[in-house]
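Below are two complexes that have subunit A in common, paired first with subunit B and then with subunit C.
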Partner chain A sequence: MANKLDFLKQFDQLTALFPVQGNARAVIHNGLDFPTTRDEYWKYTRVTSLVESRYVRNVPNIDSIDAFRVPGLDAQYLVFVNGEYSERLSDTQLIQGVEVTSMRLAEGDRKQHMLEHLDRYVDSKTQAFHALNTSYFIDGSFITVEKNTVLSDPICILNISADKQQANNIRNLIVVGEMAKAEFINLHEGYDNAGSLTNAITELKVEQGGDASLYMIQNDGAESAHINTIQVAQEKDSQSKVVTITQTGKLVRNNLNFTVSGQGCESNMYGIYFTSDRQHVDNHTYVDHTTPNCNSNELYKGVMSDRSTGVFNGKIMVRREAQQTNAFQSNQNILLSDKATIYTKPELEIYADDVKCSHGCTIGQLDEEAMFYLQSRGLDKAAAAKLLVQAFAGDVTAKITNDALREKVEGFLHQKFEDQHA
Partner chain B sequence: MSDFLRIKNLRASIEGNQILKGIDLEVNPGEVHAIMGPNGSGKSTLSSVLAGREEYEVEADEVMFLGKELLEMAPEERSREGLFLAFQYPVEIPGVSNINFLKAAINAKRQHQGLEDITAKDFMVMVKEKQALVELKQSLANRSVNEGFSGGEKKRNEIFQMAMLQPRLGILDETDSGLDIDALKIVANGVNKLKSKDNAFILITHYQRLLNYIVPDFVHVLYNGRIVKSGDKSLALELEEKGYDWIINELEAV
Partner chain C sequence: MAYTEEELAKDLKQKKYEFGFVSNFESDKAPKGLNEDIIRLISAKKNEPEWLLEYRLKAFKVWQEMIEPTWAHVHYPQVDFQDIYYYSAPKTKKKLNSLDEVDPELKSMYDRLGISTEEQKRLVGVAVDVVIDSVSVETSFKEKLGELGIIFCSFSEAVQDHPELVKKYLGTVVPSNDNFYAALNAAVFTDGSFCYIPKGVRCPMELSTYFRINEAQTGQFERTLVVADQGSYVSYLEGCTAPQRDENQLHAAVVELIAMEDAEIKYSTVQNWYPGNEEGKGGIYNFVTKRGLCEGNNSKISWTQVETGSAITWKYPSCILKGDNSTGAFYSVAVTNNYQQADTGTKMVHIGKNTKSTIISKGISAGKSNNSYRGLVKVLPKASNARNFSQCDSLLLGSECGAHTFPYIEAQNSTSKIEHEATTSKIGEDQIFYCLQRGIDEEKAVSLIVNGYAKEVLNKLPMEFAIEAQKLLSISLEGSVG
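Then we have the complex of A and B:
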């Protein structure tokens, strides 16, 4: 316990900007502890070293974000360096029906609007990393898309993790109004950031009939850790899609949760994790079906090489009232090395009696017949494996409807192979 | 002595069962060899071993292909050196585009030869030309490798790939099996057009009917892991008429 208070003490000098931050600080200073491997949902992911580390605060000066931009992407960028908004680096544009604000700079009605939603969807009372984030985030993005507004280009939140031993509590709050439609990209990039921790929360509210897509791209760097929670709250007849692509990160833990408060909703979640060295990537997803006539679709694909580890836990809850639910889940994994590990677990809890639910998980290796076929045409083993892995991931990359972003992700899969066989 | 393909005393076993018990075969440029034989005689093993399938234990006094030790090469090296196996059962590979894969294969070979990658334009011209050769629909070339292809389409795709890769030695492993007569003619016609004085083909087949369309210079009968009889195209006709039993009986009489 002394450890925890000691750990928290290094952040306590940060100013609490909003009442919720004071509440969360009270919670985390008292009964709430960080999870250990004795907790069922953290069984394979050891975070102790993260919450015993000493962190420093530093916001380095960055000249340009050109190195981090998605090539060919038409989007406005909202840029944060170590959690702090940079107006200079951002290139927000005035778009009818859209407001993009730094949380710290929000004032008047805008601030009021934000406080109506902030910390309302995510659970900061029982989850220590959520409470840690809520207690100490120094800024964040607040994005609203007005009723009936349809955005043609995505909005990109770029979080840069720079410098060693930084603890960055990243916060996003996105509200997509009634019948509005929008795409968001949260791009996490990093450099020279060994020992740093990104602890991010995105609250995504989709109002009645709205349609929101969120792409979470994790590329913090090989020597840093990333804990990420996305909480999607959907109203009646709304749609959502979250695609999580984990590129780099020594330890990555993703929590993706959906709650639905009306009928006729669709929730889609897709992910790719391609791990190497001693990377550890853990995806926990949770869909809570509380209302009738809703659909959820889930497809996560993993490729593990070297001595890396993947974890997948997909929980689907179908409550008694949630009749006519269609919930589909699939997790497929390829192990490229005999030292790599995957722990995968579907977790379905169904209390309604008129539902269609399915789940499946597979663990395998590259198809030897296909490998030989490709080799017999002149491709070496590495090139053949690369083609097969790209094909394997193709079902998920196809869900990335933005061409520039999809090319970036395909490029990452390509590069990962090049690096491995360099 | 031929420097093209020279096989001496080739033996192969799998899981302790010896399948090939000493094959001797010499192939020269411009020749077409047919290897026939009853089921289980080792025909497909021979093609697998020559293409470099790894699950066999292989020994030989010598297997030379274009002056190099074939057995010491990985499957992809054999391909780049000019060997092509048309599979009896082409593999379906969902998500891998036929065209992208072929382009990668051609460039792998070109790099091996010290050439630049093929230009997009040259590649497309070549695709169009070779597709016409085997009457392969454009839509098939753009699909995933063999995915959802009919049996005949898969075999035509094999010949299309062979045409694209322009091998020195093409081995066709029971390419005729599962083909109706029209598809058989198309496939055979494709092979005939690819024949030149610089390349050679080994046709592995159970039946004589393919040899009506691709006329072999030599016919070999494989039985129990050995080539037990060789002759010209008339041997195939004799086999068609009398079956394999007379050869087997002849052998056992000796």
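Then we have the complex of A and C:
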């Protein structure tokens, strides 16, 4: 496809930092094409315009990240502007058992350690956007939490997308060691970035008995697009939790995949998408149970208004060996406008018999009786609706165990509603 | 009052042999393969009008450009479409002299299904008692139906006798370019059933393909068209619980239902074709397109199916809810055992206001089989107050089978309410234990539990069918436990 090669040409002058980048470039230049709506997993999300655009590259100067900080959050920030690490803006502290580095700056053993994990969990051979990311990321975060280390404060990776028509391939690699426990926040912020594309990959490895939480907050801006992939690889007895909150973005596609390769694991995934205008937000999740005695829980909630579109596709795969799996999946949606659309597909693929698996999915409106009740208590219609929407989202926000972050998310929901009814 | 099986048996007994056997048409067979000439031949043999030939040729052109769908969760060796006989006049079955000559396995299955001896003879084509010729029975039916203005006949007859009706409705619900197998069917269908219920008539009996079993075997490319005019009602049964040993491996049928204002169509299917042997060899490929159109306001279409046979099932009986306040329903029990594979479900497309749909799907997988539910619920922007409830349960018997759910839900109207839930489970050890300690052996216990599990759907079947279907479930799952 000539188009594809043309598109790729604009990135080809970027230096490949690691061997995997060379491999990925070979893959994407040869047979691998970008998905179209004819691909089952991209049925509802059209990305053609993204991969036909011309992008520019520059890294504007940013004075301070104060505007992007989560109020009241005690965390160290690792800051990337348009994919490039900014040491000046970052405030990494030395914490026993934790190492936080830019991928580009990693050297010696550290680099060796990184290469052991980099691109091992994500599939850059058959997924074009993964291959695109792997081919052309210019930097990334590499975070390791050593064995038995329990972090009290989260580590925040702040990705700022600034200026128009930027294409940022964001890469994160996080390794949580045996019996370690840590929380991570990946904050995507943007300003003045119309026409930009963020294509992010996070590889999260949780070793035996580890416990990792990752909060993905997407606030790139109303005129930009975001393709996000989180690949979680869990070892025996580990736990993980990923919460995805989509705030802004014209076109957002999230792929969240779990590969569980050991007994006694628990995987949790939660998400909120509250869309307006012509937003298109697509969440795909995939849990692959390959070993016995594991649990997975999933809850995604969406509120669609105006002419926006929500897509949810959750797939639970239980392989033959994965007996005694408990997998629960739920997706609930509220449509607030006749022009809004939701496409949802909760899938189960089960090859083991001694399992408990269920999924549920609902699409509806705000409860009329609840609205009436609230109005009879003196709330006006908008306030009543807001309260109900907040309560609806409450099941998911409650999963955010960090208070400061939860308040930020609740604040966003509040604001979004205010804006809509303004 | 519905015409029961007992009455049928009685009628059959009373009838004497009148018409003799159908002559042997063995030689009347077109060469293998598919091309325009074969289609012209089929059309000519059936003495079809020009427009129908054109319809077939158009479908054939479309079909040639289509590719076989591969998205279903089934695996099978590729079908060679040029290695099939597309026209062979119905073969007469091998005549047997008594039931003793029947394959004992088949015979015992009949007995356990509780099929009467007369019925059994008819099914295997025993020659004694001057073959039970259902044609005569059918004639008496036809008189009864004729009085009410109901047309119920084979498709070929309908083309000859009621071309205006066939022309008006054929392909309106399942257009010939709908999908690969529908196009193939439109090009080469040889026969099928046609049914028209006039305004305001409530069909007094369950119409069934049952009653015309000896009349030109409908073959592998069957076409059914049921039209219920304003305010009418019909209940239509297809297939039967008795195992069907058919030699054609590929079956691509098309069923079209049209319900006008205030009309109701109830379509029930029991499918028990040859599922292949225990090693998964042989068996029928069943690629069916079934779709109902609720054309008028307040119309209602329900699909009830019990699927136990076929090696591969690929079937999605759908409802297009076009009229306001129309209702669609889908009740399904799909059983797979050994190496069977089923990918079945439904589509509910809500177009009119206040449309309602219900989906109850119960999958049972045993042996090394795979059973998938695949469904679509679509609410279009104008379908205010659309309501859907879906429940898809899967029961796994044994650790080598698979149960899958692929529901697609698309809503574009903010007043619609859609619920979907699915569960997967196995028969609990405690349930079996309870039965055992009450003196019910394991096999019976499983059958009891499975029947309880499927009850919700079996209840929707016409009475006499339901009883046979229950027994069929137990038989299909035999040997899968322990």
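Things to note:
We adopt the following convention: the second predicted complex is superposed on the first by the 422 of 422 C-alpha atoms of A that agree within 3 Å, B and C clash if a C-alpha of one lies under 4 Å from a C-alpha of the other, contacts with A are read in each partner's own complex, and residues count from 1 in each chain.
Quick note on the criterion: a residue touches a chain if its C-beta (ideal position, glycine included) is under 8 Å from a C-beta of that chain, and two chains touch if they have at least 3 such contacts.
Given the structure is predicted, the values throughout are model-derived calculations rather than measurements.
Upon superposition of the two complexes on subunit A, no clash is found between subunit B and subunit C, which fit side by side.
Looking at the shared chain after the overlay, A:137 reaches neither subunit B nor subunit C.
By the touch criterion defined above, A:373 lies against subunit B but remains apart from subunit C after alignment on the C-alpha atoms of chain A.
Contacts of A:85 after superposition: neither subunit B nor subunit C is touched.
In the overlay built on the shared chain, the residue A:18 is in contact with neither subunit B nor subunit C.
Touch criterion met: A:40 reaches subunit C, while subunit B stays clear of it. Between subunit B and subunit C, it is C that contacts the larger number of residues in subunit A.
In the superposed model, A:359 makes contact with subunit C only, not with subunit B. When both complexes are overlaid on chain A, the residue A:390 reaches subunit B alone and has no touch with subunit C.
Fitting both structures onto chain A leaves subunit B and subunit C with a minimum C-alpha separation of 15 Å.
Shared interface residues of subunit A (contacting subunit B in one complex, subunit C in the other): none.
Within the complex, the subunit A residues that touch subunit C are 40, 320, 323, 333, 335-365. If you check the complex, the residues on subunit B that touch subunit A are 51-54, 74-76, 78-80, 84-85, 87, 90-91, 93-96, 100-102, 104-106, 108-109, 112, 144-145, 161, 165.
The residues of subunit A lying in touch with subunit B in their complex are 367, 369-370, 372-381, 383-384, 387-388, 390-392, 394-395. Residues of subunit C touching subunit A in their complex: 71, 73, 379, 381, 394, 396-426.
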